[in-house]
Amino acid sequence: MGSLNARTIGIGMVGHAFMGTAHSLGWRNARSFFAPPLLPRLTALAGRDRTAATATAERFDWSEVVTDWRDLIARDDIGLIDICAPGDTHAEIAVAALAAGKHVLCEKPLANSVAEAEAMAAAAAAARENGVRSMVGFTYRRVPAVALARRLVREGRVGELRHVRARYLQDWLTDPAAPLTWRLRRERAGSGALGDIGAHAVDLAQYLTGEDVTGVAAVTGTFVRERPLPDGGTGTVTVDDTAAFLGRMTGGALATFEATRCATGRKNALRIELNGTLGSLAFDFEDMNVLQFHDATADASVRGFTRIQVTEPEHPYIAAWWPPGHGLGYEHAFAHQAADLLTAVATGDDPEPSFDDGLRVQRVLAAVEESAAAGSAWTGIPGAAARTGTPDTEGKP
Amino acid sequence: MGSLNARTIGIGMVGHAFMGTAHSLGWRNARSFFAPPLLPRLTALAGRDRTAATATAERFDWSEVVTDWRDLIARDDIGLIDICAPGDTHAEIAVAALAAGKHVLCEKPLANSVAEAEAMAAAAAAARENGVRSMVGFTYRRVPAVALARRLVREGRVGELRHVRARYLQDWLTDPAAPLTWRLRRERAGSGALGDIGAHAVDLAQYLTGEDVTGVAAVTGTFVRERPLPDGGTGTVTVDDTAAFLGRMTGGALATFEATRCATGRKNALRIELNGTLGSLAFDFEDMNVLQFHDATADASVRGFTRIQVTEPEHPYIAAWWPPGHGLGYEHAFAHQAADLLTAVATGDDPEPSFDDGLRVQRVLAAVEESAAAGSAWTGIPGAAARTGTPDTEGKP
Amino acid sequence: MGSLNARTIGIGMVGHAFMGTAHSLGWRNARSFFAPPLLPRLTALAGRDRTAATATAERFDWSEVVTDWRDLIARDDIGLIDICAPGDTHAEIAVAALAAGKHVLCEKPLANSVAEAEAMAAAAAAARENGVRSMVGFTYRRVPAVALARRLVREGRVGELRHVRARYLQDWLTDPAAPLTWRLRRERAGSGALGDIGAHAVDLAQYLTGEDVTGVAAVTGTFVRERPLPDGGTGTVTVDDTAAFLGRMTGGALATFEATRCATGRKNALRIELNGTLGSLAFDFEDMNVLQFHDATADASVRGFTRIQVTEPEHPYIAAWWPPGHGLGYEHAFAHQAADLLTAVATGDDPEPSFDDGLRVQRVLAAVEESAAAGSAWTGIPGAAARTGTPDTEGKP
Amino acid sequence: MGSLNARTIGIGMVGHAFMGTAHSLGWRNARSFFAPPLLPRLTALAGRDRTAATATAERFDWSEVVTDWRDLIARDDIGLIDICAPGDTHAEIAVAALAAGKHVLCEKPLANSVAEAEAMAAAAAAARENGVRSMVGFTYRRVPAVALARRLVREGRVGELRHVRARYLQDWLTDPAAPLTWRLRRERAGSGALGDIGAHAVDLAQYLTGEDVTGVAAVTGTFVRERPLPDGGTGTVTVDDTAAFLGRMTGGALATFEATRCATGRKNALRIELNGTLGSLAFDFEDMNVLQFHDATADASVRGFTRIQVTEPEHPYIAAWWPPGHGLGYEHAFAHQAADLLTAVATGDDPEPSFDDGLRVQRVLAAVEESAAAGSAWTGIPGAAARTGTPDTEGKP
């Protein structure tokens, strides 16, 4: 059964593991809960490991499995390429897909290097001229509590920004026996905690504030260098497992960042706090249905952080789901992402976050590595909006 | 695409609104995430309002829509009837389905009266002889944090039970302008907050402790008697909007219960706390991925309530979903329910909660209304396990 | 050193243990932080155990120790009798002191029976004609967060009251090896958890709402009947260790109460929540510097419970203490109590809570015991304000 | 009244404002609650403003007021000088007092410069040879939850340290109308948020871990440069109002620090978290009676952060105060500090934190300012213990 007259678009997805599962569910639920103007067909899934790819395809009713992503791009019945493979593949696939006139959704980080990201952003800009859309998968932007935070910032409820405090804490590398996967090898993953989870912290900081990180001073580190290989023996970890950096936002606010996989007991603590002259906002993904808001303009005797349960119909995305107090989970943001992208493709609007947004994050990550390699020296972000803010900084040029 | 050799079962669902949506998603996700030995086919959905039913059917790929639930029971390609319609329909549908040899999943409360519930439990017992399974939809049992709590009780980590503190707080009737829906009419809903949400609190108390409520002293009330009708004019609310009662568990523990739709600011606060001689457990659905556990046998200087994020592979149901710290939402328990029921049907085990469990809850609800009508006089629960516990109670026969 | 011209009043305190310590500190800090118009002199402390009394006296600079409280009343240099002895002594001491024209501060519960409490209230009324003041020590009223809650209720920010949820949870009797002290003997303590801690929950409910409890349905119990005596052997516990009851407030709101010493892991959890048509308030003494306030009139997208840190100069009592965010502790409410009483004595105003307030609590406690002894039958509170509210209650006369 | 045979020591306190009040209360309560082997006599208080000093003296029974601190040192009946005056006075007073053989308690930060702090540490070392004791007032070490955290680290329950996350957030400078006090002038205060509150964060990090900060990369800033003077007109803020820095601990753990007076809604949020291979600890002064402990060695299914209410007799300092669940407040740590110092003087042990501890903090603060002035360049801490740890750091020498 289906709406006979609804327009549809064929999706070709590259990858079938963690992100492949989340995206599959996202496409499916976008259709069931958001009635986008363009309905997704799960046309084909590409995976080098046919057996594993087939398993995912069966779980989510992908019509076909291929082993070469190029086959997806070659097909006329596929209009959108969804890239869920490791970071070292993003640039090649995305550039080829865009050149072929396919809309592209690409997982984050956009690429493993600034050069790749620049090429991708250029390809996206060129394709845009032909009505082709592209989006990078900073999915956390579409957690309702985060989207609400952005709305409150836009409405001016934080005022002039003073501080950003962003961190992404996990603990799965605390154990020295955790195996050496592709995520711990530079040639596949680009970087470690920095690119995998730090990228989310940077994107959220830039998204929520509407400002750029203009410079950083950084330290990175790897606490455990040798780890067991999945097939026996040990191998060398070639990426960071922790990164911490100071930053300055366009408007002068002071930002602190931390990304680590060694924060024992913190499982998926993507946290961000904004402090401004009129209010503050705080979010923690481990309590993902909640946004904390401090309204500094409220009556002094009842001022405090309000624990907003972001499950009301007035909140972003919620009307499509359940009654108040019935929380959402991790996967729901993928449905929001899919629905928003399908709508953008249908309406011809530019979806966000764009490849340019992904490039901006990539430049911050590169500056972090550069600063860390240079004794934490302050390192400006090329192309970041010029600093215009008021703070008088001691010791910053 | 699908597993060619997998056994399947046709589902016929009655209802298409809130619960119909949740169950549709449950069946779909059970297949995608739990690979049950028996795969569900979404064969047909029954709804008196064909337009509305068709809309739900299209969202979730139900193959067909019918307007009379009897048509579902008559079909050979349907093996399981899923009842998501209001409580006044449960008994008739369930008894007919069971008599026809269909497995049944029935939303809670099991029925609108003890007599109906008894008839249903009898029908379930008779059908069981023929290998027919039945289950009542106390879905909250399958929230991973709740299932973990049950496991800890079974392991003896709470010790001898002293207190149960169960409440279900909502606030959507605080506003006198909230409309008069079928949920506020006794002839459709049976009771108000008591049967709709109080039933969950009672079931959780009995499930988590493994004991029965043996008697109650109760008060019920309706704060707003006249409400606007959806089509204009006003009508009379004929059910409670709040109920509070004291209870005694089989083992002697003292229990307190409250169900209300007037707890301003509490959206879906299904909360339960158990205190025992060795430990305590606390759960709040508004923070559904968390279980609080106090281990009274721990070293005195580090004792306290531990906030367990129930998102680890060691926790019930979690291995099928996401990595640690990536929380689940309201709907996931419906997938767990569907998967467990499909497994039970396939293996021939008795699923839980049974119609007998539903009947036990119904008897408590009836005793609550009886006590409230009798000046809160202590009212025993017929058939509840005889009290065997140690506490010396003052003023209780 | 001291203010030469300040008026002073001699205090005679009866008792020297837990409450004696807290009151001593209260008098001392009232002087240091609140500059009351009448300064307390710690003239004499009465204790039957001279050694123990002397120890307390030395710690807090009481000028003298006596072993008979009558000696305090006989002295001209003592103007205020502070009763910190067990409940069975309250009536005799207070009535004698009031008759002798001494102002009286009496620990709670006011007495061990309604009859005693009535006699005390009558004595207070008579003494009042002669300018003598009396106050009962429901100290929690003067925790700043509680006083702020009262202010918000008075300002109408809760609206029409629907629910009161009051409980006082402790766990020191969970252990069957906890010894049999005077608090577990009816002849000394009057009752157990009910009178010792339940009294606070009842007083807070009546104080915060400005309404009376008009009736109750109750259960009480004693989980451990035999306990070791401090000096060896075992003895029988003759009071409850747990009590739970339902109640109705004057305006019709439904109230639930619980007091227990068997709530494993809850150390001093005096909790109260009010739900009204315009807002809700929640307090937990284990987080005593915080008041939770839900403003139902706020913009829907930012509504939630606000965690007010009650440490601002705009909050009750706080300006006398520390800067924002520097929390107070348990003992501070005793300084507030002492300061307010000294001010009332100096100005001739009636201090609160009065002996009448204490009597109102006593009547609720008596009704609880009566209801518990009568199978939880609804038991009206004699003299409670007639019920005037709107709720239509099912099953309540 | 007093213990006839108790040994006493005369205290001479310099300062009478916020810290003068807290210390006065500390001396008084140390005597009442801890029965130290040496009892304090509040002999004399020195303040340039005799009226204000006299007011404080009267509140806390100081026997005498002088206007020149040298008069305190000259007296034979004073054995201990307690320095509560602004930072620019510390060195002169402390060195003179130590030279005169007086024990010294000096508020933090120890001094306004490393040079002064070195002189003070040298003076303390010389005086120590003569049995003279000195202590710096990092009072937060003696909050029971912090002392418990230290005990757990010592017991090895955190394991090998990976991360320190320390911040001290306030918001009283968010408002541009907040006046220009001495705390905002470099010549009096030395630095701003960095020295006043950041010093506490640094000390806690070093104290709890038992390690040194060995280097930093820093940014400081001042968001509001011109502020109203108390007497009219405006003046220039010459200190930072915010500072953030990265650091490395002796053992290789990565540390992040932040101190700010512009974190809207955060009132006194001194927070520290330690992550190690075996466990994590987290503390927030705004919830000061609580320590969060994650035991990574616990059974996987019940692992999480345990909210330890640090109010049990097994916890540091608590046995002297109230029953479980009856929290302490800000001032209690000053009583602990006084009691511990009096005990150390009596027993001849070296009290902690020492002037050397204060100097170590001072060196970190100086390195922060140096790094901030040098474009965040990594700046080693002279004399910090050589780095010995395992982490392989990218971009750190």
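As written, the chain order gives the labels A, B, C and D, with residue 1 at the start of each chain.
We adopt the following convention: contacts are C-beta pairs under 8 Å (C-beta built on N, C-alpha and C of every residue); 3 or more make two chains touch, one makes a residue touch a chain.
As the structure is a computational prediction, the values presented were derived from the model and not from experiment.
In this structure, the chain pairs C-D and A-C differ in their number of contacting C-beta pairs, and the larger number is found at C-D. The chain with its CA mean position farthest from that of chain A is C.
A straight line joining the Cα centres of chain C and chain D is 36 Å long.
Between the CA-based centres of chain A and chain D the separation comes to 41 Å, rounded to the whole angstrom. Taking the mean of the C-alpha atoms as each chain's centre, chain A and chain C sit 54 Å apart. Contact with two or more other chains is made by residues 266, 303-305, 309, 312 of chain C. Taken together, the chain A residues at the contact with chain D in this complex read 162-163, 165, 171, 174, 176, 217-223, 225, 240, 242, 244-246, 248, 252, 254, 256, 258, 260, 262-266, 275-280, 294, 296, 303-305, 369, 371-378, 390-397. Of all residues in chain B, those touching chain A in their complex are 1-3, 18, 22, 25, 28, 31-33, 35, 57-64, 170, 172, 266-269, 285-288, 309, 311-312, 322-332.
Those residues of chain A that touch chain C in the complex are listed here as 148, 151-152, 293, 295, 300-309, 312, 314-315.
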